[in-house]
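Presented below are the structures under discussion, each in the form of structure tokens.
In the two assemblies presented below, subunit A is common to both, partnered first by subunit B and then by subunit C.
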Partner chain A sequence: MINLALDIGKTATPESFLFYFLAPLSVLAAVGMLLVKKAVHSALLLAWVMISLAIFYIAQDALFLGIVQIVVYTGAVMMLFLFILMLVGVDSSDSLEENIKGLRLVAILSAVGFGGLLISLISRATFGRQIYGLAAANSGGNANGLAEQLFTKYVFAFEVVSALLITAALGAMVLAHSQKSKSQFTQRDLSISRFRKGSLKDAAGLPGSGVYALHNAVDVPALLPTGKAAPTSISAVLEARGDMIESSNFQLREEEEDK
Partner chain B sequence: MSNAELIGQDPGWIIALKGLIIFATCVVLTIMSVWGERKIVARMQQRIGPNRVGKFGLLQALVDGIKLALKEDLIPKAADRIVFVLAPIISTTTCFMAFAVIPLTGEVNFFGRKTAMQLTDLSVGVLYVLAIASVGVYGIVLAGWSSGSTYPLLGGLRSSAQVISYEVAMGLSLVAVFIYSGSMSTSEIVAAQQQWWYAVILFPSFAIYSISMVGETNRAPFDLAEAEGELVGGFHTEYSSLKFALFFLSEYVNIIAVSALATTLFLGGYHAFPGLGFTEQWLGGWFTLIWFFIKVLMFFFIFVWLRGTLPRLRYDQFMKFGWKVLIPFSLAWIMVVSTLRVMSQQEAPRILIVAFIFSMVLLYLAVTTLVDREKAKVIKAAKVTNSIEPDFPVPTIENSRVEQING
Partner chain C sequence: MAIANYLYLSAILFTIGAVGVVVRRNAIVVFMCIELMLNAANLAFVTFARVNSNLDGQVVAFFTMVVAACEVVVGLAIIVTIYRSRRSVSVDDASLLKQ
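The block that comes next holds the complex of A and B.
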């Protein structure tokens, strides 16, 4: 744990060592995230950036924030990313073709705008403000201090954000939901329908190939009591292809001679 | 003195020694628990189990480990080499980290210094364990992805979905503990259970945690990520030799870790069983270590028992259970617990508290009755009346859903 009693603006040696070790690594990972080809590699590098950010938070005495960053972002959000990436396909890499006209321009503009917004907000919150100090902020315990701020002063903003997130999640679900195209019959339903069909001929399932025949290969049909081949006992494809073998083909020669 | 204060005075060499001891304990415990599991499962299946290497086959797991290490190390051609090697490393390094915040003993004499067997005490220790567990899953998911073949990929996919859903239930089950102990630090939660274990007063939370910890560690009946009947070996199908051994090691260390967390949060940690408090002073406080491991091994036995008894769940049943049963139930339980907590803090009259509990029980009964009735209605509606009677005896069909099929 970093010494709390340090003067504001100074950094303890272990912390500065940690910073100079981790900061270049996380910047490298962030740049690599944009440059690597495979989507999963980029997700991994992003996860690394998030973990190193969490370590910075912890080093700066924001223990709760650091741990929650790992649980929520690395554990849940990135895991969902990975899940989707794996669903999309192992080898798929991003196509660089522009599907919508002017998309690149819009993307660049909004990125610059968002960056400007962040810089202005952070600088307004940082410069020309009186420094409160970590020791005072964490006086009642780190998690307690955060909870007090979130549930008293910023409770409205907090609730608005959570409502927004829930709306987004619901919207995504509604958009992605589709009517089932395939039948929803379970094994049980199919079994019941076999029994209810009127005749109980196939209630126990279709006969297997080769029953009562002289060979039990898949292309040898079962024999009915009359000695004829049972048409339902082999695949219709085999029959149509002419790959069906009559049971009599397997009769032994001596037997024939005896007769 | 509290554990946090005791640990705060540790010099560097004690911290290093403790880290080493914890690591060694985990490895030895893994070897012993593999042997234990094989023996227990064997007994449950009326077999003897390993009995060739060493007395009672005690060294079997060790020899198996050596055999694994001497096997050929294969990397498939289609594999993503870097991630393929990285995955078991992530799994193994993270699984040991959870033990850093688990208090193994109370105050003990450690080479002439007063300390407690706990590496560090964080004010958000329990969340730290959750965070480490969620990073550990990357090992499994990446192993599945990087193997470059179908079954491991399916295993990795299942595992990521499984962990996301069961981590939610697990996190929710811990909320009640935080509310009651007023802290997220492991040592303070243990201290808050001096009188009553949380397994008793927060039994629903304990039940939810116990279920979700089996889901979180990929153990039977929730071992869908490796499901050998469907996916060969799941995420580790393509792994061999030492890399496979690392996955094996991390699975068992994870079992011990979640058991240790369950012990800490719900079974009073290193404290003795009720009525045996005098034993905590024996051996200069070291006897608490024995109590701790008795509780952990109890959980381990239950893990093995589950594996020996229950068949694997189907994937959709497993997901339904997590999202539609565990999570809503946890949320309702948290509401009840926090209401009770506020009531007792505001010193509400006892009659009000009793009335609240009574009304909650009534509400629970009403809801379950309604659900049952709805089920009965569905079954009644599905009964077919105009069916043709078969001319020979067939098994009767209950709860038939034929209308749905015909229509």
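The block that comes next holds the complex of A and C.
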């Protein structure tokens, strides 16, 4: 029996340099993902972890997976995450205070326990034979080798996964589709409702803003032929906001008319 | 450097992801932590493919990526739906079943 941790194929120096440079950085980024407040920063740190994992894949003779990791994960999945973050509000920062008392302590303690278990397990594991690496399996090219496996040994799983992809796309469309709770009024509906109101006063539509006044901006009520302001000529939103300007300011004054 | 170092890294990343799922409350961050766990498992698969001198591990990692993509699409759609009805993506707010 050969100890997995000690005797299996040692890697070449460049790869170990790469590992010792990138692995602490990716662990730091992963820890930072938990500590930063804003979800966008978490997403960027996760993207960094994924890119360094892609580099590890390529270093381990999994060229195709490394490229797919960058294209699918950092390209598509992380962009999807960022899109959703934009949808639900970028500045929705998480409050980091704990709701359940002692949850964080319990989580960290159990993480130390679980991680320690995994690590001690790996360090004690033994592997019965010599490691040769992937040179033979990749002799016809990594993508070719993977395709060969995928379309012969794993062809059924491949088909199932394609069905899963279609189902997921349909599911996402169904879930994200929002039905309008009430249909919008058409011009015809509005016209009918104007005539059904009982009086024909507004049947031709409400007066436009600024009509008959010296100032025709949208926030100035129209002046009726009687000289009075018509508040219905202003959008209800402007009125509620208090952005309405008194139209009497723009009215022709008696003394001006005299001159 | 022993190849097992990749496995240690994978174990550490997986554990960090698990802590994140428990500790964080923003549903999107929880989702990202799940992604981290899936990626850590993928690293172990790729490493074992190298140890075993065949490509089966890489094929499994490839399938994991596809399933993870499906999971993200559906999960994010659910998050958007919850956000539409509750105006919040905190996992603590969706607790109607408790009352």
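As a working rule, the second predicted complex is superposed on the first by the 132 of 259 C-alpha atoms of A that agree within 3 Å, B and C clash if a C-alpha of one lies under 4 Å from a C-alpha of the other, contacts with A are read in each partner's own complex, and residues count from 1 in each chain.
Just so it is clear, contacts are C-beta pairs under 8 Å (C-beta built on N, C-alpha and C of every residue); 3 or more make two chains touch, one makes a residue touch a chain.
Please read all numbers here as calculations on a predicted model, not as lab measurements.
Chemist: For A:193 in the superposed arrangement: first (subunit B), second (subunit C), both or neither?
Modeler: First partner only.
Chemist: Is A:87 touching the first partner subunit B, the second partner subunit C, both, or neither of them?
Modeler: In the superposition, A:87 touches subunit B and subunit C alike.
Chemist: I want to verify the contact counts: of subunit B and subunit C, which reaches more residues of subunit A?
Modeler: Subunit A has more residues touched by C than by the other partner.
Chemist: Which partner chains sit in contact with A:134 here, subunit B, subunit C, both or neither? Use first/second/both/neither.
Modeler: The answer is second: A:134 touches subunit C but not subunit B.
Chemist: Now for A:143: first (subunit B), second (subunit C), both, or neither, which partner does it touch?
Modeler: first
Chemist: Determine, under the contact definition given at the top, whether A:185 touches first (subunit B), second (subunit C), both, or neither.
Modeler: first
Chemist: Return first, second, both or neither, reflecting whether A:105 touches subunit B, subunit C, both chains, or no partner chain.
Modeler: In the superposed model, A:105 contacts neither subunit B nor subunit C.
Chemist: After lining up the shared chain so the two structures overlap, which partner does A:157 touch, if you call subunit B first and subunit C second: first, second, both or neither?
Modeler: Touch status of A:157: second partner only.
Chemist: Can A:51 be said to touch subunit B (first), subunit C (second), both, or neither?
Modeler: Only subunit B is touched by A:51; subunit C is not.
Chemist: So, A:176: does it touch subunit B (first), subunit C (second), both, or neither?
Modeler: A:176 sits against subunit C, while subunit B stays out of touch.
Chemist: Please write out, lowest number first, the residues of subunit A touched by both subunit B and subunit C across the two complexes.
Modeler: 64, 68, 76, 80, 87, 142
Chemist: Can you name the residues of subunit A that touch subunit B in the complex?
Modeler: Those residues of subunit A that touch subunit B are 38, 40-41, 44, 47, 51, 63-64, 67-68, 70-71, 74-76, 79-80, 82-83, 86-87, 90, 141-143, 185, 188-189, 192-193, 195-196, 198, 200, 203.
Chemist: Quick one: which bits of subunit B touch subunit A in the complex? Just the residue numbers, please.
Modeler: Result: residues 80, 83, 122-124, 127-128, 130-131, 133-135, 137-138, 141-142, 144-145, 148, 153, 156-157, 160-161, 163-164, 167, 171, 184, 384, 387-388, 390, 392, 394, 397, 400-402, 404-406 of subunit B touch subunit A.
Chemist: Where on subunit A is subunit C touching in the complex?
Modeler: Of all residues in subunit A, those touching subunit C are 4-6, 8-11, 15-16, 19-20, 23, 26-27, 30-31, 33-34, 39, 42-43, 46, 49-50, 53, 56-57, 60-62, 64-65, 68-69, 72-73, 76-77, 80-81, 84-85, 87-88, 92, 94-95, 98-99, 103-104, 107-108, 111, 114-115, 118-119, 122-123, 125, 127, 131-134, 136-138, 142, 145-146, 149-150, 153-154, 157, 161, 164-165, 167-169, 171-172, 175-176, 178.
Chemist: Which residues of subunit C touch subunit A once you look at their complex with the stated criterion?
Modeler: Answer in residue numbers: 1-9, 11-20, 22-26, 28-29, 31-33, 35-36, 39, 42-43, 46-47, 49-51, 53-56, 58-59, 61-63, 65-74, 76-81, 83-84, 89-90, 92.
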